[in-house]
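Worksheet: one structure, shown below.
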Amino acid sequence: MSSVPWKWFIEHTHPTQAHMHGVEKYVFSGKTPFQTVEIIDTDFFGRCLVLDGKIQSTEFDEYIYHETLIHPAMITHPRPESVLVVGGGEGAVLREILKHPSVKKVVMVDIDKEVVELCREYFPHWSNGGFEDPRVEVLYMDARRYLEENHATWDVIFFDLTEPLDDSPSYLLFTKEFYAVVRERLHEGGCIALQGGNLNPRLIECHGAVYNTLKLSFDNVASYGAYIPSYDTMWGFITASRDLKPRDIPPEIVDKKLGEERNILDLRYYDGLTHQHMFALPKDIRKQRSAEKRIIEDDKPLFVY
Amino acid sequence: MSSVPWKWFIEHTHPTQAHMHGVEKYVFSGKTPFQTVEIIDTDFFGRCLVLDGKIQSTEFDEYIYHETLIHPAMITHPRPESVLVVGGGEGAVLREILKHPSVKKVVMVDIDKEVVELCREYFPHWSNGGFEDPRVEVLYMDARRYLEENHATWDVIFFDLTEPLDDSPSYLLFTKEFYAVVRERLHEGGCIALQGGNLNPRLIECHGAVYNTLKLSFDNVASYGAYIPSYDTMWGFITASRDLKPRDIPPEIVDKKLGEERNILDLRYYDGLTHQHMFALPKDIRKQRSAEKRIIEDDKPLFVY
Amino acid sequence: MSSVPWKWFIEHTHPTQAHMHGVEKYVFSGKTPFQTVEIIDTDFFGRCLVLDGKIQSTEFDEYIYHETLIHPAMITHPRPESVLVVGGGEGAVLREILKHPSVKKVVMVDIDKEVVELCREYFPHWSNGGFEDPRVEVLYMDARRYLEENHATWDVIFFDLTEPLDDSPSYLLFTKEFYAVVRERLHEGGCIALQGGNLNPRLIECHGAVYNTLKLSFDNVASYGAYIPSYDTMWGFITASRDLKPRDIPPEIVDKKLGEERNILDLRYYDGLTHQHMFALPKDIRKQRSAEKRIIEDDKPLFVY
Amino acid sequence: MSSVPWKWFIEHTHPTQAHMHGVEKYVFSGKTPFQTVEIIDTDFFGRCLVLDGKIQSTEFDEYIYHETLIHPAMITHPRPESVLVVGGGEGAVLREILKHPSVKKVVMVDIDKEVVELCREYFPHWSNGGFEDPRVEVLYMDARRYLEENHATWDVIFFDLTEPLDDSPSYLLFTKEFYAVVRERLHEGGCIALQGGNLNPRLIECHGAVYNTLKLSFDNVASYGAYIPSYDTMWGFITASRDLKPRDIPPEIVDKKLGEERNILDLRYYDGLTHQHMFALPKDIRKQRSAEKRIIEDDKPLFVY
């Protein structure tokens, strides 16, 4: 039985559903003031970052998640210069944002300095120099407070946050009250993008509720999705803005912007056809999302399993 | 711990990757001359059909698989009258095919009579009367022999087969030699569709090799995909024909054909936007598929884990 | 991976400890008014009876449990004629009791008729005709009520009960008040024996508390143990009486009683040397048991995980 | 689900049997020239040493294993002065041997220096200063070669070896040819003791074969056993000598030797009653051991799962 692993990481997504990952090595285990952190080496997904028992990113497929979060909004915006990132400790969002040549300034606000430092140590190529880039500033603080107190405005704001769990204060970054503040921090023609929960039709309530909540502050909200192997699922993302409509951009335009306009040639997941794929969500997902009516408020939070 | 299940079904997709399903009840376990059969009730996916240890279909999401297999080819064909089904023991492909009003005759060739009977007993709504429909004929025999010996030709041929495993003769239904015969059994303007393996970029070799092998017999081959929750993955499908091009059909035309032309109003997964989603595969999947160069031949089979 | 099972039974003994049993077939799953019942066929232990998620008895090793529960008390008693069994639905205690030729009458009181009937159907050789023996009477009722209302007295009383769980009323058969009643139902020279919980030094609190509670009603209480492979542990048993001392019976006497006196020649686990082994518990178990000071009372129950 | 672990160590003892341990922290993972090493912290058993995927010793219950291996032989020998240890890298055998005041010299021969150093770092209290004791000498070399080439003789020789696995050369320390050499290295009145495999009646072949093989070189061979919680089983040990008979030593003598004679007062598992328990093996174990007829030879090795 020597070929069967004896070290396993088991991630539950439901009391009766779990995914088992054979582990080559548990590289790091620790606890920051905000979350537990595991860094594990697996045969299948390579090195993985695990926060509070949930896989966040893996060597093998982090490009899918990060390209999906960043490029649709960046391509939709005609000329993004100032970008705010809320969360994003792995640094891979910086890597993708900085590929757009118009970018002049990126501020990243992450509450957990230790996770950022661990990622820089254990996954240096994920940020790929982004933390050292002179255009980048990193602040370690609560993002809600930052946005409430700091009145600067931005072309694009990204939210790369863990899901709202019932023992974490991050839920205050998913509420109606918070998004109303966010809206005020966007330039006229700006837009936001965020990871937005599972699109498995049975586990879609978080995605649907975030979508509904964003609709209260933004006229144009669009769901999109990407299948992420290490999540075992089609994962949801959302863009929101006053008037930008990423769904309407045809594949050829996406490819032209990536290519001759911005000279971004090294993407592995995202291009025009992928853009079309992402925004054309299947009928059941659209229907289930519409069936979800909840609004998330500061005093009516929503938590996932 | 009373809420945690003690009965589990554990499906390995790789020596170091497995999915655990908490089981409410193991309803049936048996062995036909061709495969092992389990019918299990799970909390998450409802009743499931498991062949040789792999989940085939579940109450919760079989509509995704079966609508995806059937409707793109049926919609692409202008007026499908005669349909051959290879495999398809659950009966759900019959259910979907018979929704198209032009269909006059369906022959289903499945080697495993016991599985068909078990499905009719345990999942009667999956076929939804299809087996009793006067247009339907079911033959229990080896499909390779059927197609080699029977020279009838068809508008559409579907292959709803389990993947080629190294201890099963089904691999002879995935080879160059077999597809050459299949080509001869299609009408001039006919097309085929088949389930075509995992699209997880690391497990895509089966999909890529089947795609390549079909290219030898058909000028127009198109991959498409659907995320199927009970498979934990984006699953691949393929259509092939001499001159039909399903990828080029715009969403509005799909919706018009389904609606006013054919009056198919009860689909849960498939519609015009889903059609667009399915055929616009992400860049990494396209690239990995292209990197796979194998051709499957009778004496050079390919087996999956 | 065809040799690795995909059906598993996973028994937790602690939130962080579990035993996985590969299952050949889930034979029966149901729910009586009192407990859930599973009958499963495993490669390693053969057919198993599982109540409320815990393995009770298996083909492979039920002889250890049942010989250990029955024979020390029966051998200690000079001439057991009347025997009461509380619980014992599998029927295997009847099989062992009836091997003693002096036995004239056995009454078995089990609350769960369905379990008894399932055992007679699925494990007929466990009772081995015991239920049909004219000396045996079976009553389906609450044993506490039976003993409180029925003033008959007995030579030996056995308690073959599942452990006290927090969602089951069986805990009322482990209390000070109950044992005081039991004492009144024993003949002057009678004794009782019962299964008495895990002897794993870290999980011994149930055994210790039952031992302490019996001490309040009986002058002679003796712990003993047997390693039961399907329980993964050394399991505890207890005898109690006014003046019988099973620990003092030397191996030769046990063998003589079993042999020339009673002609019981077919035991697989129990004999003189085994008797010595059972009652000579290791030092750590004796110490941990002594460290446990709890008494179980009707309104101070003790529950196990 | 926050209280359920996501890190697990799963130890298979058979293709269909496994034990799951929830892990708090994987402390060390590495590979020496001879074996893989894991040091893991578990909630249930505390810190554990795992070699080649099998738990060797744990904080919680290593005292059982080590007291059981060492003291029966040491107590049986009237005055052990010179002791050889083969294996024993954890150092806990040194700790127990050195409790006997007559000991003047201990040589330990272990092939794997790295494991010894890891144990001294991660489990310093297991050796409890034994490695620094002036009576102790440690040699890192192949024990077979040591015993063949070095003609010194000893009062007691202990073998604390991992089981013979099919990808390890340690099987040459379990053969007829090796035990014939060992016999020559014992003083006239000396004895040996060794860990001797699983006593689960279904997994007893290794124990039985080692027992048979020792019988060829020693007139007095005695099996004994201890239930070791972290092994999930009753584990086997064996003593062998020309004329010492540990089974015949009554409990009172064991207690007297430990107490007034040798002043060993801190044992947690072993005493007179435990000695009696250990050597009085149950009938089924005796029978299964007798049914095993194999002899282990250099060119007829035996491997365990």
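Letters are used for the chains, namely A, B, C and D, taken in the order the chains are written, and counting of residues starts over at 1 for each.
FYI, a residue touches a chain if its C-beta (ideal position, glycine included) is under 8 Å from a C-beta of that chain, and two chains touch if they have at least 3 such contacts.
What you see is a predicted model; the values in this text were computed from it and never measured.
Of all chains, the one whose CA centroid is most distant from that of chain D is B. Of the two chain pairs shown, A-D and C-D, the one joined by more C-beta contacts is C-D. Chain A and chain C have Cα centroids lying 56 Å from one another.
We define each chain's centre as the mean of its Cα atoms; on that basis chain C and chain D are separated by 33 Å.
The mean-CA centres of chain A and chain D are about 53 angstrom from one another, to the nearest whole unit.
In chain C, the residues touching two or more other chains are 4, 10, 15. Chain pairs that touch one another, listed by label: A-B, A-D, B-C, C-D.
Residues 1-2, 4, 6-12, 15, 25-26, 29, 38, 50, 52-53, 167, 305 of chain C are the ones touching chain B in the complex.
The touching residues of chain C, counted against chain D in their complex, run 3-5, 10, 14-22, 42-44, 60-61, 63-64, 199-202, 226-227, 229, 232-234, 251, 267-271, 273-274, 276-277, 280-284, 286-287.
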